[in-house]
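Chain lettering (A, B, C, D and E) follows the sequence in which the chains are written, and residue indices restart at 1 in each chain.
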Amino acid sequence: MTAADLAFYVLSAIAVVSGWRVFRTDSMVRASFLLMLSFIAVAAIMLMLAAPYIGMATVFMMAVEMMVMALFMVMFMMNPAGLNPMNMVHQNRLSIGAGATAFVGLTVAVLFTDLPHEKVARQAPVIRDLGHELLGPSMLIFESAGVTLLAAMVASVVLSARSGRFGPSDEGSRPPGLEPGGEPAGRIPESEQEDE
Amino acid sequence: MGALANLILAMAVGAALLLPMLWWPMQLGGASGQSQQVPFLGGGSQSAHAWQRFHIRYYPMTLLFIAFEMEMMFMYPWAVVYVETGIKALAEMGMFLSILGVGIVYAWREGVFRWQ
Amino acid sequence: MAVRALAWLAERSATPVYIACGQDGDAMAARLAQVPAISLQHSIRHAAILLVAGPYRDADRPALRRLHDQLPHPRATVWWGAVPLAEAQDAVTIAQGDHPVARLRRLDRNLLRGERASEPDWLPDEPPNEWRGKGDHGQGGEGMMGGVPYGRPMAMMGEEMRDALMLDAMTITIGPFLRTLPPGLSLELTLQGDVIQQARVVTPAYPASGGASEPLLRAARMLESLGLPDLARRAQISAMRDSAEGLLAAARRCGALLALPAELADVRARLEAALRGGTAPDPGEEWLVDRLAGMEWQSALLRIASFDPATLAQIAPAAEPDEDEEDGDEKERAA
Amino acid sequence: MTLTAVLIVAAALIGTGLYGALSQQSFVMLMMGLELILNGVLLAVIAFWSLGVGGPPRGQVLAIVVMAVMAVEMAVGFALVTAVFRRRQVDTTEKLGTLKE
Amino acid sequence: MTAIPLVFALLAAGIWFAAIAERFASARRFPSAIVLAPLWQAARLLSQQRVRTEYPDALNWALAPLVYGALAVAGLSVVPFAPGLVVAPLDTGIVLWGACEALTIVAVFLHGWSANSMLPLIGGYRFVAIGLPAMLLSMFVLIAAALPAQSLAVGAIVESQRSMWNMVRQPLGLPLFLLLGLAISLRGPMDYGDASDLSGGTAAEVSGPHRLAWGIARLAMLTAFAAMGASVFLGGYLGPWLPGPAWLALKTAALLLVLTWLGCNLARMPAPRMMAALWLVLLPLSFLDLVIAGVEALL
């Protein structure tokens, strides 16, 4: 076993174990950053797989994404720090079964498929290739990614910000009642408060 | 591979140098109880745990940020081949950035860069 | 041996002091600002000595006790122109007129060398709420949000006035000895995130004794909140010398006035006047607590710090808690 | 470090992510499961690219596209969660039977 | 491998130098031998108790300074001290640097979160609001610097400055980069994490050795920033007469002085305003920097 193999096994273990712990920890902040740890371990494996750019870029992309993930987790989850231990799962057995089936199925598929074995050349200028690809053959992907991202930006702004151009986005909505037809359980939107 | 090993070695040494300060044995002083652990608020007090559903005031900005930051993925490889490709690269990236710029202008018009 | 070597090194550094300002404590703090051997800290956790400067009110005693216990060991308390609390054993007192630097330095040295014992806690060693052994896992909590996990309840959802996203509202009391607030002012704030939803005056600021240096001390506090500690110290030193010369120009160079956004134009005007050594007139019609609602943390602190003592006494009087709440409700309904 | 070994790790990540996505009640935890699945996909793509098909630039572009999908999923997903929370004050999938008003 | 001691030597010198410069800039001329003041301050913090708060997230609280310090080292690892003399000669040096910045935001947030106290919590959250958009700026200016070099490696960027420094070619780059340096090392006008209006922000509840570790990590990040800025914009190790490492050290020291001076002499605006300024003023400026660099590289 070479040092590279050892590093691969360690990193794989980190990636999988921290990925699993994400769903087992009570603190939402810890869950987010455990997922980040999983991503960083995968990124390190990618670096070892001669993908210097994609690996490194995964680290910074995932660091900020998980940072934002943590912000939203804390914002919307009850008991975000897990001060009271909790277990917010449903259909647990089914999920375990589905997860295990997926793993076993994929593993079997991997083991019994005749995989190609052409390795990337050690000194290949992969970043340069990627750049030429993006500006040449994959130009359409590149520019349509721009449009997609613009759409995502607009959509997230429209959905998340309250002060839209068309007035508060919660206008006319009432939270569900505790009993059918009962008083709204939560806050009454301001637009209706004014009427009362 | 050697570069990565060196990097990790250097980071480990850096962390190891700071580690003793977090397990520092030599401390003077007396016993301290739970009254010392009360959060500092200039003499005031906190009614509940500080950990809460913290109302972030810039959440639309973070979503915009995630979508916008994706463009960095494209820009790094672009920078490497920029000089070789020449004016075409400038035009393509200009188009890409102006598409995303539209998103920023829109967000600004919608008041995303204010405290909500 | 090692401890003594460490003490030998440590006693050469400036003494970190947290100053709890009582009546006129501001001016007393300014006297220390020009002493390089003393460094005034913003957090009690960064200090070694709690310096109680000037007489304090009976209402401030609990805060003082809390503050004392939060000091890291080795620690000591010094009473400068203040009467020691009954809990204080072997109290170090200094007359208001005296200069405390020599005493502070000696005390600091003795603490570091272990020649003076670190002060024990004044409050009983118990959690804010009893929790051990209670609840589902012995952590004191019940269900998802209930109970008092580890001694404190969890924050609950509260009304939100700015973006209608109803999340947890956190109620905290700050002051009366927070250095970025006027001495003696204690506020109960209901926060969502870092935005103030509701404020209530717990104890008012100490009345001003009418010194000519007051505007500069006030300017110093605002400059601290603007992240200009050096300029703030300069303002304090100027206050001691009663000359505001060059201060406004220096503040302009640092962008202290430019940093304030348009919503804080009133604060900017008051800061400018204070840096000149004067006071900008304020109609004083609106209550302080109403002016704070919906403000972000730094802006709110800047606004509080900008009022001169006379206006502050007028707009932030000591209020009966119940009355004040009713007032707030009525106003909400009216709106 | 063979292609098979890397792919098995990727399969493990996908399986774990699937478990999380199916079992978690709250929206945000569900999204964590999705992210973990995409993490496995990303690893598999890069493994194929590097050890299987000899490093064509297209493979890297595919990896970037996977990451763009993640970013878009997160941005829009969280925006939806915010919008729903603003209206209903709920944060779990079960309390929200339908997205209709 | 041989460069690892150099990295730590530069870090130690930078931390010491920055600490002294800070005392000098704030005119706290005490004690008379200002040179040893950082040592004395460190001894004081080491002899103080490390306070814990009510039920903190102890693991993450201790991890935050370690990660912060390790990231400073990682950032410095891609900076060459002389041609070929670098800890990690990665092709993706500036991408690694970007990753370090992103992870620093996480470390500072964790430091604020873990104390379970209100003032640090606000500090941590506020820092994220400023740190995220500020990070975009630095990525843009670093990409601009990579254009003439046609490489993402810091070594290649330094070599591309043989004829002219990037500071001259891309005048907007260095100021924007320094601004981010102030944000990431929590200082002066960009100090939204450890600000005095929050009584020390994320550090408000830490005392003694923990505070020392945090302070050292902050200064280490500042030094790493100065070294990176010196390499990318001031020609790094390039220079006549002196050996490469000496030039790098000198330029780093110069940038440390500038950063300290800026940190002590600029006011901090409220966070909402800074966030808007970052997106609406400074981000377009960094676009402009990119355009200038692009046109210049093609000429």
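Keep this in mind: contacts are C-beta pairs under 8 Å (C-beta built on N, C-alpha and C of every residue); 3 or more make two chains touch, one makes a residue touch a chain.
Since we're looking at a predicted model, the values are computed, not measured.
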Distance in touch steps, counted as few as possible, from chain D out to chain E: 2
Contacts common to chain C and chain E (chain labels): A, B
Middle chain, criterion being Cα centroid separation: B
Furthest chain, CA centroid comparison against chain D: C
Pair joined by more contacting C-beta pairs (A-D or A-C): A-D
Distance from the mean Cα position of chain D to that of chain C, given in whole angstrom: 46
Where chain A and chain B are represented by their mean Cα positions, the distance between them in whole Å: 16
Chain centre separation in whole Å, for chain D relative to chain B (CA means): 21
Centroid distance [mean C-alpha coordinates] between chain E and chain A, Å: 28
Junction residues of chain B - those touching two or more other chains: 4, 26-29, 32, 34, 36, 38, 40-42, 46, 49-57, 59-60, 62-70, 72-74, 76, 79-82, 84, 104, 115-116
Shared interface positions of chain D, touching two or more other chains: 64, 67-68, 71-72, 74-75, 78-79, 82, 85-86, 89
Multi-chain contact sites of chain E, meaning residues that touch two or more partners: 46-51, 54-55, 90, 92, 95-96, 98, 113, 116, 118-119, 125, 128, 132, 152, 199, 204-205, 208, 271-272
Chain-chain contacts as defined at top: A-B, A-C, A-D, A-E, B-C, B-D, B-E, C-D, C-E
Chain C-facing residues of chain A, complex: 75, 78-79, 83-86, 162-163, 168, 170, 186-187, 189-190
Touching residues (chain side chain B, partner chain C) in the complex: 26-36, 38, 40-57, 115-116
Touch list for chain A against partner chain E, complex: 27, 29-30, 33, 36, 52-53, 56-57, 59-60, 63-64, 66-67, 70-71, 81, 83, 127
Complex contacts: residues of chain D adjacent to chain C: 82, 85-86, 89
Residue ranges of chain A in contact with chain D within the complex: 4-5, 8, 12, 15-16, 19-20, 22-23, 28, 31-32, 35, 38-39, 42, 45-46, 48-51, 53-55, 57-58, 61, 65, 68-69, 72-73, 76-78, 88-92, 94-96, 98-104, 106-107, 110-111, 115-121, 124, 126, 129-130, 132-134, 137-138, 141, 145, 148-149, 152-153, 155-160, 162, 169-170, 173, 175-176, 185-187
